[in-house]
Amino acid sequence: MPEMTLIDALREGMDEELARDPRVFITGEDVGKRGGVFRATMGLFEKYGEGRLVDSPLAELSIVAIGIGAALAGLRPICEIQFADFIHPAFNQIVNEAAKFYYRSAGQWNVPMVIRAPYGGGIGGGLYHSQSVEAFFCHVPGLKVVIPSTPADAKGLLKSAVRDPNPVLIFEPKKGYRSIKGDVPTGEYTTPIGPARIAREGSDLSVYAYGMMVHYCEKAAEQVAREDGIQCEVIDLRTLLPVDKETILQSFKKTGKALIVYEDNLTLGYGSEVSAILSDEGFNYMDAPIKRLAGADVPAVPFSHPLQEAFMINPEKIAHAIRELAAY
Amino acid sequence: MPEMTLIDALREGMDEELARDPRVFITGEDVGKRGGVFRATMGLFEKYGEGRLVDSPLAELSIVAIGIGAALAGLRPICEIQFADFIHPAFNQIVNEAAKFYYRSAGQWNVPMVIRAPYGGGIGGGLYHSQSVEAFFCHVPGLKVVIPSTPADAKGLLKSAVRDPNPVLIFEPKKGYRSIKGDVPTGEYTTPIGPARIAREGSDLSVYAYGMMVHYCEKAAEQVAREDGIQCEVIDLRTLLPVDKETILQSFKKTGKALIVYEDNLTLGYGSEVSAILSDEGFNYMDAPIKRLAGADVPAVPFSHPLQEAFMINPEKIAHAIRELAAY
Amino acid sequence: MNATPALDTPSQLLSPEALKEMYWLMLLARRTDERAWVLHRQGKIAFHISGMGHEAVQVGAACAIHRGVDYVHPYYRDLALVLALGVTPRDFMFSLFGKRGELSSGARQMPSHWSARKYNLVSSSSVVATQVPQAAGLAFAIKYKRDHGLIQADDFSQPRCAITCLGEGSTSQGEWHEGMNWAGVHDLPLICIVQNNNYAISVPFEKQMNIRSVADRANAYGVHGITVNGSDVLAMYDAMKAAVHRAYRGEGATLIEAKCHRLTPHSSDDDDRTYRSREELEEAKRFDPIMSFAQVLLGRGVMSTAEQQEFEAKAMEIVNTAHREAESAPYPDEHTIYDHIYAPINHESGR
Amino acid sequence: MNATPALDTPSQLLSPEALKEMYWLMLLARRTDERAWVLHRQGKIAFHISGMGHEAVQVGAACAIHRGVDYVHPYYRDLALVLALGVTPRDFMFSLFGKRGELSSGARQMPSHWSARKYNLVSSSSVVATQVPQAAGLAFAIKYKRDHGLIQADDFSQPRCAITCLGEGSTSQGEWHEGMNWAGVHDLPLICIVQNNNYAISVPFEKQMNIRSVADRANAYGVHGITVNGSDVLAMYDAMKAAVHRAYRGEGATLIEAKCHRLTPHSSDDDDRTYRSREELEEAKRFDPIMSFAQVLLGRGVMSTAEQQEFEAKAMEIVNTAHREAESAPYPDEHTIYDHIYAPINHESGR
């Protein structure tokens, strides 16, 4: 298995799907000649031409709406939103339209489309190049939301998303595009949309995370194992919607303690739902308060380095939270 | 104190604020001659003229953006979104712009504006005239979100919102516009944005709700008190953002049991946050699983009567959930 | 009739049967629509939104496309349009009553939110103008499939254009702008029909935009723009035929502004007396497209008075039957609210 | 010089001092901008987005308004524009380094997101085109205040117009459409300057829209539209003066398309070699607005070579000092991330 970066794995996934199915095309700003501002589509323009790597006008709602229309007509669009922060103009098309087509036509019209967007902070992007936006969409039945944390999953989930008959949003932890490396299976494979992944086994407490935070949690878990003998189970949620309640609860039944880590701001972030599931269906197993460690409840991630650091979650903050919870 | 309907109280609040402050104006679709499709602004056009009751073009993002610009320039806009379902095109202007102006200018530019939108189901409105959208906005620091359940609060919160130097969203339970009646204080008063309200005292369990659901919860509480001797405390959350953690926790410390009722769909709805607060900071008082009773996790409220009823929460469903929880 | 019909008036080539079908569709729509108002006044249904006054626009449009094959992404006033595609008054009555098996949405959507996969009639929401960029996406797919050999350009069994409708007020939405811009940039086979009835609920045209004609906006996108008398079904047909040919031949998109009159309040929830005078409404009724088309057909001898009466009788019968069947049909089963949230994996889709 | 300057070329009335100030502002912007690129190459700053090539548009625009009083809602390329309003290279350097006390946002925003209440310079986000309908809102407020007697029409201490800038690519956004439409419907004192540099990052004009000029879009809104050579500061000034007078006199909004050249990659994150040829770039450099304006001033004898050199020296000194001060300044205190989430109740606001 070759080692690959997260973004190379995503690109390979798109490449294979473009090769496999002529109905697959990619649209978004600068996805063509430029190969995307993060180089996610680099080389694909040369390989597949401007008919399949379609530079869009600078207008997100239309990127999504064109995708919807094309999907209705049987194509398999992959729509790139340049930064998750710029998905908001397309909110109406995603939430009122893509999510509701299958339901509102009682199964007549479905929307097999993929929307990719790099998200998250820690890259000096300030208020508008750092946002985590998953919570908005995880509230919307009819959408699927996935966030890969490893190159293998990135490729496998992307390929599943392209083949899924429903609208799938892939939020990609851009801070990890090049820093996250991992083995990627050779040959054709997909990673199913749905099940979470146990990234690290442990019995003392359950740590729930996704995206970049999975790596920070693994790091923190290693540290507290080494230094304090605390054994954390780290769950990589991977598919955020539909929620994998089973895996979430299974781990909790074993540990009785939960720390949910997300870099989005705390209030009504994704972790609120995980917490709510645990304190209801996992009540009998609760050994401690259910804890969330999340971004500050401020309007967005600030630019200046120390301010950004103050906002962001890091392995030290996680290790600290683990220790406190373990000691409860 | 005269008895008034919810919508009459809202209108009286707007009327008084228009009279008090020449900087206050109202814009939105059909707010002028037509007096609003729900008649919220009826008569105000005749009284204040088309310069202050400004029929907007049919374009929500601009309704909000014009409001933002006018607020920056020192006016006090009240922007009406005809149905909450149509707020999504304005999502970008609300979430990326209005919410972040004060923060991103380090306190130089603030946005004193009000956005009103009728929300909620049960009126035969189908997928696009029934939505509850508060969860999207309660995730966004920088916004304030209020949902009145009584005429007195509707007027008082509206007047506070107009005077607030921040963007305030008022979601109005439209099913109750005419059916909810209540006494409204005569003379000038405001209801502060922030504190929740204890709608009914009780010691057996805490029921958290807002909007139309407050009335259903009160009804259910009376029923179970009468029939089963269960004494519920009903908390009318009123201000959803910022969250009134203190009142939420205070009641829970007394009862140890919590039922959170909201008509929005379950997953990542507002109740998820209330639940997450309770199972963390209220852990020591927990006597039972924290329960949420919410709308079905489907893409939206269906039109046909029995389907709508299946979706909607009602006093019977609430009473049932209370009994189950009380018996735990 | 002109012996050598001009190419820009293809309506002159329409057979008497075709002309009568147009009349019939307009009439059937009108009678169905009127019944809905009656049912609303009787308290039997909760909501109706009407297409009265817009029938000529819609029938003129429908008859110019390959019906049931070309994509149609309509809006809520398009009753006559969808009847022309194959939707029936019975289907419509089922949606008014919200009854089990309703065609468009299984009675999940409010009435007048049509959808029928079998006719390539695309489901639309109530959120105005969202259909426009989606329709551009449908048109994009047509072009894409041709360019990539997924279909042949002359395969008449495939959609060769996408048409979408909206009101003049809805062109104020950013959605419209973005959709039209794609249509221009990619020369898409899209026909966007703006049914300009001078009002968006209560808001008159001059508060909606500061120009004389919606068609003026075509120049902002590099698409062809035209204004047509939407009360004249043949004028509409001619404009559409030109647009359709342009689309079929890959010559790009057309914006058709069809000026028409909304002969009713905005919907059954509206009371238009607060914002338009009764005189204005009476004046509008003089342009009733059905009456004037009847005059044309009778005058030309294409339709006889007897035929006209037969049409009336047939329409009444269809509407009566539809109404009866819908009223007595069962409601959907409440457990079905959980159906169709997600399409199953391996679901085959796309037409 | 022309003895009887035409009313439509107010630039002919500019004094030598005014002309030299224009040159100075363009030069100062250029030298500040260049330093930012050096700092980026040195790895001292993480990001820079440049206005090189756009200076004439911005200075021509700024000098035509009541600077510091009329509202300006800029975009990220507007360095020269904001320097003309009072923002200093030191302010800009503080934002590049993200240092404590940074003017616009307390170093919360990325560089080039200017804001200064004291100059009526409005904070903007990175989300393109959002400023357009907001600027329409500012213009709406001006009109509203006059109409309701909150200010006098001839009160020069008050803003009398709102100007906003964006790139040609950003006019594809629905936000732009909706903002321009309000400006048309209400005849707002808004001036929207589209800085058309032919690229949106890598996407060329012809993939952005199917028309020849952004100014053609004015007709879709009933606002005045004009295309101007944005490499000629005096041409820009003249176009702006006309627009400003129109706005001040309540005659409505203007769309100015200023054709110019982006002389750098999109930003320091970009590599433009993948999408535009070096020849094309070299050709663009021939239109460098600063060099050509220097030629004009030297040729007319308005500026001497000695003065030009003084300007250069002064600019260098200002930039050096600004750079030094910013580099050595402390970072903001991390606890301040919780400041300014909500304005306190009773906060007085609005200007």
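A, B, C and D are the chain letters, set down in written order, and residue numbers restart from 1 in every chain.
In the analysis below, a residue touches a chain if its C-beta (ideal position, glycine included) is under 8 Å from a C-beta of that chain, and two chains touch if they have at least 3 such contacts.
Computed from a predicted model, the values in this text were never measured in an experiment.
K.L.:
Between A-C and A-D, flag the pair that has more C-beta pairs in contact.
P.N.:
A-C
K.L.:
Relative to chain B, which chain's C-alpha centre is the most remote?
P.N.:
D
K.L.:
Indicate the whole-number Å distance between the mean C-alpha point of chain A and the mean C-alpha point of chain B.
P.N.:
From the centre of chain A to the centre of chain B is 30 Å.
K.L.:
In whole angstrom, how far does the Cα centroid of chain A sit from the Cα centroid of chain C?
P.N.:
A distance of 40 Å separates the two centres.
K.L.:
Taking the mean of the C-alpha atoms as each chain's centre, how many Å separate chain C from chain D?
P.N.:
That pair's centroid distance is 45 Å.
K.L.:
I'd like to verify one number: the distance from the centre of chain A to the centre of chain D, where each centre is the average of its C-alpha atoms, in whole angstrom.
P.N.:
37
K.L.:
Can you list the chain C residues in contact with two or more other chains?
P.N.:
105-106, 108-109, 113, 125, 127, 172-175, 178, 181, 185, 207-209, 341
K.L.:
I need the residues of chain B touching at least two other chains; which ones are they?
P.N.:
56-57, 59, 61-62, 85, 88-89, 92, 96, 100, 102-104, 127-128, 141-142, 297-299
K.L.:
Can you name the residues of chain A that touch chain D in the complex?
P.N.:
So the residues of chain A touching chain D come out as 29-30, 32-35, 37, 55-62, 85-86, 88-89, 124-129, 296-299, 302-307, 309-311.
K.L.:
What does chain D use to touch chain B in their complex?
P.N.:
Its residues touching chain B are 71, 104-106, 108-109, 113, 115-117, 122-123, 125, 127, 130, 132-142, 144-145, 147-150, 159, 162, 174-175, 178-179, 181-182, 185, 339-347, 349-351.
K.L.:
Where on chain A does chain B make contact in their complex?
P.N.:
Per the touch definition, chain A meets chain B at residues 85, 88-89, 91-92, 95-96, 99-100, 103-104, 127-128, 135-136, 138-142, 241, 243, 265, 267-273, 275-276, 278-281, 283, 286, 288-292, 297-300.
K.L.:
In the complex formed with chain A, which residues of chain D make contact?
P.N.:
Result: residues 46-47, 98-99, 102, 105-110, 113, 125-128, 169-170, 172-175, 200-203, 207-209, 269-270, 274-275, 331-338, 341 of chain D touch chain A.
K.L.:
Residue numbers of chain C touching chain D in their complex, please.
P.N.:
For this pair, the touching residues of chain C are 172-178, 181, 184-185, 187, 206-211, 216-217, 219-223.
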